[in-house]
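Chain naming follows the written order as A, B, C, D, E and F, and within any one chain the residues start at number 1.
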């Protein structure tokens, strides 16, 4: 099993979820995150003083999939989250040794 | 070392923390998360229009443990977070190559 | 590639970001987190009743780097986040199998 | 009923006329009462600006909250300035049964008052020259001024989350300088809705005690026109006709806003008695207070019951709208003498809003806070109710309602189109997605909460 | 002291009686003053509904915030409706030294006022028929009405976060239609607490100027009964007797609510002078204002000092409760003539609340906002203080306090039990964990903050 | 112009004197009007305490929000207590053209009022003894009291987020017991700024209708002194002179606060007419209301335009400050007779604040809410404007402004230094980083939002 972890633009979350569902992935976990990267934060002004917001709002998605689904998941995310503009985010793939469904205690791919 | 990452129902956080402490684990990191899965979100109504909340509140726990503690940790979490109802969450185990305590610079299992 | 994941004190975020930038790392993702560990939470009082806040505010940083940069990144974070006081946090290193830049589809180290 | 220049209200007229005969409240005392009533009631209405601001700030999403706050304080400011510069004169001077007043600019205190203020001694002659007016002229200006902002606030709520700041304020200029004053002149300025010709033609004068039509429907028509020209918020209506809720970010603030509006409405309706200097006026004002409260209460309770039955849950925002719809409904006739009727009128208002809000969505009219439902639709109902419950003639009410709509709606459409085709009125798509607070203000309402930039 | 029907207050009576003799304020002018005072002060009290709503919305957790907002606007609405339908009559008509008024429904304006309003000319006879009453009848209704809601608000604060919406509102119906009006009739309606028999038996009439006992303790007893029947919030008290705090989600809102209540209290106490039409009344009202302010200030400062000493930190919510306790404490006797006493009375009220709040927790009485401590306990103290500081007799005060408790507490218990055993009063466990906003409203107070569904 | 003891204001004096001659408003009626005006207007001013609290609570970061709420309710309480204990006497008794009043403690109702209140019958003699004063003495106390808190609120806003609670409150004690009353005595107490000598020396008396200088600049000077002694918030100014914004956590709350202040200002300025018992006073009060509103509106619009031009975006917090600056600017002369001038005066005030705020940052004077700019700088401007627009003499205005600064600033510096070198005034570094809510209160303003401890 692998964990596909993606950092995306927040307004793409629903598209990504639908893309993953459409290839048969049934669950994922999302987290609010802040990203720092090539995309430059906007400049705000507050009471006459300027400041730059370095960390931009992102959503982090973690989805654990069977090895066979990894490429499909990565591709689905990459397509759905793509706007072609800087700051679209990254996808990382990590190895998962074990998975357990808390409700039933099932393990391995059936736990997903 | 392994990272045990669990997605649980928020109101189970204290139970899980206690279960882990009771088997000698001294630290963990928790994050607010949103889960999408088999558990269906509730339907809300706002000014005459219905909508479904797809992403449900979850808490994500990350705890890095020595290899010898992995099974105990997984079991402790699974038991403490279990309600038997859909949406109880998942536990994933990932490999950790190295651990460092920032305060002291200690590395490896002693850093945990 | 490796993912360096660090849990730090929130007010150290900017220092850590600058430290990483200064060694050539161009991106990172941060998340609000809560930490439980040796550092004891402060006691608050509300309407005559005391209670302890167990989970302390932390920031979790995830930065994926080329294998060659791992040690530098760990060291940079450890130095920048260090206050010498309990609760400074941890750094963990995990293996990353693949990385993709969503915007371009580039993979591997060039995606970072 | 003419609201200021022709008389001190139907009731006021009698009492002032009768005063000398019965040697009761002396003219100077009555003058102080009348003026103080304008000031106190006007002040209470002024606070409604805060109520609208909070209601709207609570019902928009957090990324547009700072902008709606700014719009509200700006529109209240601009409305006041324009009403001084030209609005009051257009509304109240030299209407003479016609369609518009005069364009004399800058409404300043009259000579008689300045003479008294500047005199070494307050001689009886100087005092009489002042008290003959019945009330301090600027106290009346103040009271009438606060009504203008109300009309403008209605518009801001409907068009929130997508309209650009400055073009919106440009519309407010026109609304407060011309549109509202012209409509107001027809009735309260002693214009045609109030003329012998009108009474002869439609069986009675048009009755609108405190402005269900003149204020609330006027604002509502202008908002409706704006909503049509501006279009709905991006993503609000799905391709298959589904409605995607965009929940308000801060409901306690919306609740506070509603309570403030309710509070302010006592000034709105009570002060519209326009006099306090006699037992009759005091008794009438008290009756107005009671009806105002009961109608709002009826609106809340009915809106709650209808949402409970229809949706199996109670919708707080509908209960809030119910209060406002109840208040708007009673505004045309808060002087009715059986309080039970006010409960019915307000209750029907509360029911109306629960049905009107989803109806607007059917027509893809995106009204962020439900202002069209609560102010325009309930305002029409309330104005008709005066005819139904014996305070006027239904035909006369209907004609007045239609006349106001026939003027305000197309003129507003025109102004909106003019703005759209010149400076543009709609924030560009990215600005809308990121929120107007970022594009227009570069500032966040809640930087440390939710997605705020200061959470890390 | 009878609050309306028997007289215009002790003070009012003198001034009106004396008026003809000294040819001072003429009766119609006095009528206007008295009526306007009822309206303005009543309006100020009305705003307390917003104050309670904000205080409670700030002190509950965010998952119950929308519900508490709804309860507050609903209870204010219902209280007003019930007081019109039956409450006012029960409280103020035909009490005659007894225990309850009459059940005449729908309190509408009297014939004399309608005659004047409908007449072509305000003849002296018509005016006199109206002014003989001393004040516009509906202005008095309005002023008395706003007090009812206060009693109900107290209950809502205590029982927040676990009581079901509709059963709660059913209790409000009973409270505002019967329980409060009956208690009120005993004293302000001219009932037995105010009778010759009472004075003969206990050395003085029962003194409760603006309702430390009649309003605040009544609400407090009803809340206490509810808290006992309802039980504490899940998880609030641990097995080993430890108290688990459930911090309020929005303390600035709670602060705002307290300021609004403080503001409203000037109307509450000041308006309870019940007249303004003479120098005596004006002077008395001013004294009431000053005492009201100093007592609240004393409550704040003492509560701060006590928490600083006891807990080494200052508790904002206790300071807010201290203000309210100070205000409740002075409400029975805000007419005392040495202002220093009001500081002492309010200060003791502030200290009481700091000790009473944890005490309630000892008894596992879960009072979310501290209303029992601030309204019931401080209300008892304030009523006794009138006896101590020379405004009445201690025994007479004590008997009145006990009588009110002996009636309100068991009757409320009964009503709560009846509701519990029929429709049920407590939200089910899952609803409580998820928050009432989800189960009762299907709506969130802050969808974009914290755990709100719109944060992603 | 002496604000109470010497006369009822320039205007009031005339009307009262003239009253008998024209048999107009009888003295007792005038007494009631005057007293009621003090009470109602004072009540409206009292609410400004809530306005300051919300404005400041909205403009600090969430980790300091509960503390600023506490400071605001505490300072209002303390100011009221101190003004009763000693402040009023220092300000208003036995000033006689001098520099300070008397130290008679505990300001209680006068004997004449107590005699009337205690009498069996309100005899003409008893009434006359009371009405001769022109107004109920305690109504005046109440009105003057609410001004003290305003001065203290200004200080709290500037010094937020880093000053320790109790030392701050100690300063409030000195400010409200001595500094403000002494300054007030110079003018409103009939002191030297108001003396024949002053008029002879500088061409006119010092004119400050409602306190641009006496209240707002006094608060501003005290705040400036505090800001200097206390230093800037940690991290606010970078080593290279860059300014690091620390955005306020809740801008709708700041907006609400501004609206409440605007609302309250009508009482502040309108009530400062100090009388209502004549046509002249009523007309004058109405003029004051209108000017107050227009100046604030001008301040908002100009501040918006200037920020739009200068920064390409509109700054909501500057618009809010613009309203306040407009209000402060008109406070010295809201009785001017051409309303257009008030727009100019307020508009300049609005511009001033947009430039003054970043200027303060240049000097590393860290003023969290912009109070020094809006109250001190605009207060100076407004006081000068009275001279410019013909309500006084520029020189006389200047001397008064300088005199107040020359007294308040060094004395405040002294008090701040004394506090600093004894108990210390600054929270320690860790407390500042973690927020004062944790160190001083052990309590969070928003425990479930942002970094609140209850989010998990």
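One rule holds in what follows: a residue touches a chain if its C-beta (ideal position, glycine included) is under 8 Å from a C-beta of that chain, and two chains touch if they have at least 3 such contacts.
Remember, it's a predicted structure, so these values are computed and weren't measured experimentally.
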* Joint neighbours of chain C and chain B, given as chain labels -> A, D, E, F
* When every step has to jump to a touching chain, what is the lowest number of steps that links chain C to chain F? -> 1
* Asked: In whole angstrom, what separates the CA-based centres of chain A and chain F?
  -> 53
* **Length of the line joining the C-alpha centres of chain A and chain D, rounded to whole Å** => 48
* **Interface hub residues of chain F, defined as touching at least two other chains** => 29, 40, 247, 250, 256, 311, 313, 315, 317, 442-444, 446, 449-451, 455-456
* Could you tell me which residues belong to chain A and also touch two or more other chains? => 10, 30-32, 34, 44-46, 55, 94-95
* To do: Chain touch graph shape: choose line, ring, star, complete or other and state it.
  => complete
* Structure fact -> The chain F residues in contact with chain C across the complex are 433, 438, 442-444, 451, 453, 455-456
* What residues on chain C touch chain B, complex-wise? -> 2, 6-8, 31-38, 54-55, 58, 60, 74, 77-78, 81-95
* To do: Spell out the part of chain E that touches chain A in their complex, as residue ranges.
  => 455-456
* To do: Going by the contact rule at the top, pick out the chain B residues touching chain E in the complex.
  => 10-11, 32, 34, 41-46, 53, 55, 57
* In their complex, what parts of chain F are in touch with chain D? -> 11, 14-15, 17-18, 21-22, 24-25, 29, 33, 37, 40, 44, 61-62, 247-252, 255-256, 258-260, 262-263, 266-267, 270, 276-287, 289-290, 293-294, 296-298, 300-301, 304, 308, 311, 313-317, 319-320, 323, 337-340, 343, 446, 449-451
